[in-house]
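The structure's right below; bear with me while I get my questions together.
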Amino acid sequence: MIIVLKPGVAKDEIEFITEKIRLLGLIPHISTGEERTIIGVIGDENKLREAPLSAMAGVESVMPIVKPYKMASRDFTGKDTIIKIKDVQIGGNVLHFFAGPCTVEDEKSTMQIAEFLQQKHIRIMRGGAFKPRTSPYAFQGLGLEGLKILRRAADAYNLIIVTEVMAMRDIDDVVKYADIIQVGARNVQNFTLLKELGSVPRPVLLKRGLATKIEEWLMSAEYIMSEGNKEVILCERGIRTFETATDPSHGVGVRQYIPQMVYAAIASGSDGILLEVHPDPDAAMVDGAQTVDFHEFTVICDSAKKVAHAINKEIACL
Amino acid sequence: MIIVLKPGVAKDEIEFITEKIRLLGLIPHISTGEERTIIGVIGDENKLREAPLSAMAGVESVMPIVKPYKMASRDFTGKDTIIKIKDVQIGGNVLHFFAGPCTVEDEKSTMQIAEFLQQKHIRIMRGGAFKPRTSPYAFQGLGLEGLKILRRAADAYNLIIVTEVMAMRDIDDVVKYADIIQVGARNVQNFTLLKELGSVPRPVLLKRGLATKIEEWLMSAEYIMSEGNKEVILCERGIRTFETATDPSHGVGVRQYIPQMVYAAIASGSDGILLEVHPDPDAAMVDGAQTVDFHEFTVICDSAKKVAHAINKEIACL
Amino acid sequence: MIIVLKPGVAKDEIEFITEKIRLLGLIPHISTGEERTIIGVIGDENKLREAPLSAMAGVESVMPIVKPYKMASRDFTGKDTIIKIKDVQIGGNVLHFFAGPCTVEDEKSTMQIAEFLQQKHIRIMRGGAFKPRTSPYAFQGLGLEGLKILRRAADAYNLIIVTEVMAMRDIDDVVKYADIIQVGARNVQNFTLLKELGSVPRPVLLKRGLATKIEEWLMSAEYIMSEGNKEVILCERGIRTFETATDPSHGVGVRQYIPQMVYAAIASGSDGILLEVHPDPDAAMVDGAQTVDFHEFTVICDSAKKVAHAINKEIACL
Amino acid sequence: MIIVLKPGVAKDEIEFITEKIRLLGLIPHISTGEERTIIGVIGDENKLREAPLSAMAGVESVMPIVKPYKMASRDFTGKDTIIKIKDVQIGGNVLHFFAGPCTVEDEKSTMQIAEFLQQKHIRIMRGGAFKPRTSPYAFQGLGLEGLKILRRAADAYNLIIVTEVMAMRDIDDVVKYADIIQVGARNVQNFTLLKELGSVPRPVLLKRGLATKIEEWLMSAEYIMSEGNKEVILCERGIRTFETATDPSHGVGVRQYIPQMVYAAIASGSDGILLEVHPDPDAAMVDGAQTVDFHEFTVICDSAKKVAHAINKEIACL
């Protein structure tokens, strides 16, 4: 921790600050430069994080040196994370589509999508059973019944299932029926939920929130990891800005631009792509405007494969 | 709903769209202007909200006419909301401080603060028992024990208690010990929690999220209200922007600017002010940098009262 | 400057960095902590600002200690800036309305507004002659003729004039006819214009840009001040965020909320308030939606005066 | 234009609004729906844009139907824009690097870079002679001398030159020495400059501003086009958001992530890529942290070509 003092800081202000530091078991080193006096703090910086140093008299600014997350840092493991689920590997040289309907609507359409995905050599199916909807009057998903349909589809077509959990009470069901648990953007700082997922035997796909800084996102991953579950998949889904022409909820949120976004995401090095697929997007119950049909998906796969090869990666699709 | 069509839209594209509209029991009215053809839709607009009109061929843009919230709209009741808790009234001509420690630390300091608040004629005490912390390694609050301390302080000094709930499992305890339930910024779209609070016999203080649009915030209020609980207090706490000099977590987040923010909030017509007070902010366990001490609070009260009077309001403080 | 090195930084990486520092005439001090090695740099930090330290191998982050602006810093003068124009003083205990039409439309209405302002004891009149319009097809102002009208109105009713300059070629005219030169939000980083205004014998009212950080805003002020003109008035006009319910171009941009914004701005300590006044806002050529009429302005003045008194300030209005 | 009225709007309020509309030569059509009355306006919508309809009594919201730009709209020409400069074509199936130093430093390094670009079959060289710098104390470019160096390098190595103009007084020089004129992000709404560039015989590369909405950006293009110059190249350079880990000034602003950003930009369909190249980026006078060296550029070209081929495009590099 570096504490920059104001010009003209008083001697007793410096003493007040250094005393606070010593009380926490840390050692202050005062260094007087041409324009500012600074205090460098030796010792475990975390002990100082909650002290209101920035508000103390004589302090101009406070600069932490160490990142507030540990396990979520690349420094911690020293290598890229690879997650294995059954015979599917996420991370590494092969990238995956996480494809499927926004929301599970019924058994028939879900089976139809799963069959299509298998034909395209896709291995990971996404689908919502519990849906976070901005409006209380909107369709909220099939719940447990949706989970069961997803599982049957997965078993019939050799797929891995990712689905969202919104409440702690549903975790057991989701663990029972799904292979990867998704935390939605709006729950990225639902710390109670994150903590609970830290002791669950399933990888967690953690979506970035609309206004989550990368550091905060990694802190949310840390919540899960610090409880024991080291398998966290970070899913960038766009952030909220002043621009209203695109929709941060879905990377771009405009159906006609989905292919370009997919290619860009692959080209920039993503390990996976979440994509909504539906036999008839114009009739989809939720998010039809961001959903592609089977033909469009096939076209996307063709180019996606070439883009992946261009950067020396493989992609799991036909 | 107004659907603006692209120039050169094909006849069968218009037919596809109007057919979709009719299938939902609504009536399309086509109107051809100088530069664009538009379709006005007569009937219950909500039926159309989930249809992916914007992605359909020939559509340039879609404009809803009606707000997506009902009960949370001023149009619904036609008057300002007033909430009565015991002998305290929120809303109307008298504005209140919601003052107290960021986090309940122990019985002694909580009682000391409560006594001070009573002396200052403050009626509403805030204090955190369950704390949402960005870091899993930070102090997370005293939990149930914190709730009990708050209740004892409230009973001893004739105060109303507002405290945050983060998880559904804690709702019963919070209802038992507190008078107003706070939903924090990070849970503003935790829809499962909101829905549950819709059937709880306590007013809900709903903080705005860091990136919540006003319309979304009202939709979150609607989640609570649509389950039966009409007593929602909206608490604006600042939004996240590109500026890093201030902190959206606390309106301004810099202790020295707190008085100015309080006066501005009163002058702009707020019904209440949340403010963190602690006997020794530099030693506070959480958020000390945004906390004032008893003397500073007294100074703020003096001017706050004058500002309130300037706009013909009263304020509950000495 | 503090340079934080990555864990496991190589010895020759450290040497490369320290050599770069020495070449610039500065002295590096290496300090090895528990988790990170840092390099503190002694000497004039500005010499290092343009070196791409952050991209050098082994560097995790770079933290400047000193602010990049000098004259625009409160540290430089040690006191609040006060600007005197004729018998009007800006800054200090008396705050001013800068009131008038968005755009000068014609002599008659301008005189009518000026007369009204004098009656209300307002001393500073605003009015646009050169208007920055988002659309090339919108009314662009009366230009030089507008400046002359403003001057005549000011002379007739004992007012000080503030008006915007958009191009260097118009500076001479604006200096001739106006008392304060406004730089609009869209030109806040038009560095050529700013530099030119640094040698002009008029105070500059510098509006904050839609996405200007406070530090950048002060750097823009520094551009003016470093050329000799120390009289810069900073005008906060709201920034662009994700929220679309209000308009950053005018603080709030919604006529019905203007009074509350005025009171809040006063309560938070502003030295002046820019406000658009027009005899018939619904017929105003530009920005009518953010403009109040004479009656509304009179009502605002009454409360504004009380709010100013509440925080022990005076305000120049009847 | 669609005007949505408030519930309970008064009859004379409707009359006031419709009268205003008729006075402008337009025809109001009132339509009464289940929840709202709306007024559709027939005629040239632009006549209404400046009327403060949204602030009039009884009005809830106003929705324009037509985009405010014309020539900058794809509807206007009906096809992609292609710009030809000497034997180089921008737009179409071949994409170009616009590569070169951030700032022209001297003849020798500029020639060295130009020679390298020619070897790599690059046809467009970028380089700054007039540099917009946040700080008045930073290096501001070589000015006219820089332009001459660029021209000599271009002539020697068969390159097209793009360089920025910051002030109207420099336009003649830039036209004399450069092939494409760049408008920087900070001047995107310097309307005086834009208008002047509308009558200049050079294509304009118009960078998006840090907080410019796409609609506003197109309006800025319209400023240029409405004066006669139809050759505008839009350059997306990232916008300002709450995230501080990347730098909106340069797409990503972190040297190590430049390759990924280049590939993503190509994959998403860009017609060109601006990239800073320098023989020794660590010694570059400006923006070294966002600059790659010759070896890195060569590596980027190799993959860039493959990514372009993946989406069926060619790229002008070896």
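A, B, C and D are the chain letters, set down in written order, and residue numbers restart from 1 in every chain.
One rule holds for everything that comes next: a residue touches a chain if its C-beta (ideal position, glycine included) is under 8 Å from a C-beta of that chain, and two chains touch if they have at least 3 such contacts.
Owing to the predicted nature of the structure, the values given are computational and were not obtained by experimental measurement.
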A student comparing A-D to A-B should find more C-beta pairs in contact for A-B
Relative to chain D, largest Cα-centroid distance belongs to chain B
Per the C-alpha means, the centres of chain B and chain D lie apart by a whole-Å value of 39
Averaging C-alpha coordinates per chain, one finds the centres of chain A and chain B separated by a number of Å equal to 25
Rounded to the nearest Å, the gap separating the Cα centres of chain A and chain D is 31
So chain B residues touching two or more other chains come to 211, 240-242, 244
Listed in rising order, the residues of chain C that touch chain A in the complex are 2, 4, 6-7, 29, 31, 33-36, 38, 40, 42-45, 63, 65-66, 75, 211, 240-242, 244
The answer for chain C against chain D in the complex is residues 20, 46, 49-56, 68-69, 132-139, 166-169, 186-187, 189-193, 195, 209-211, 216, 219, 222-223, 226-227, 240, 254-256, 281-282, 284-291
In their shared complex, chain B is touched by residues of chain C numbered 211, 213-215, 239, 241-245, 260-261, 263-269, 303, 306-307, 309-311
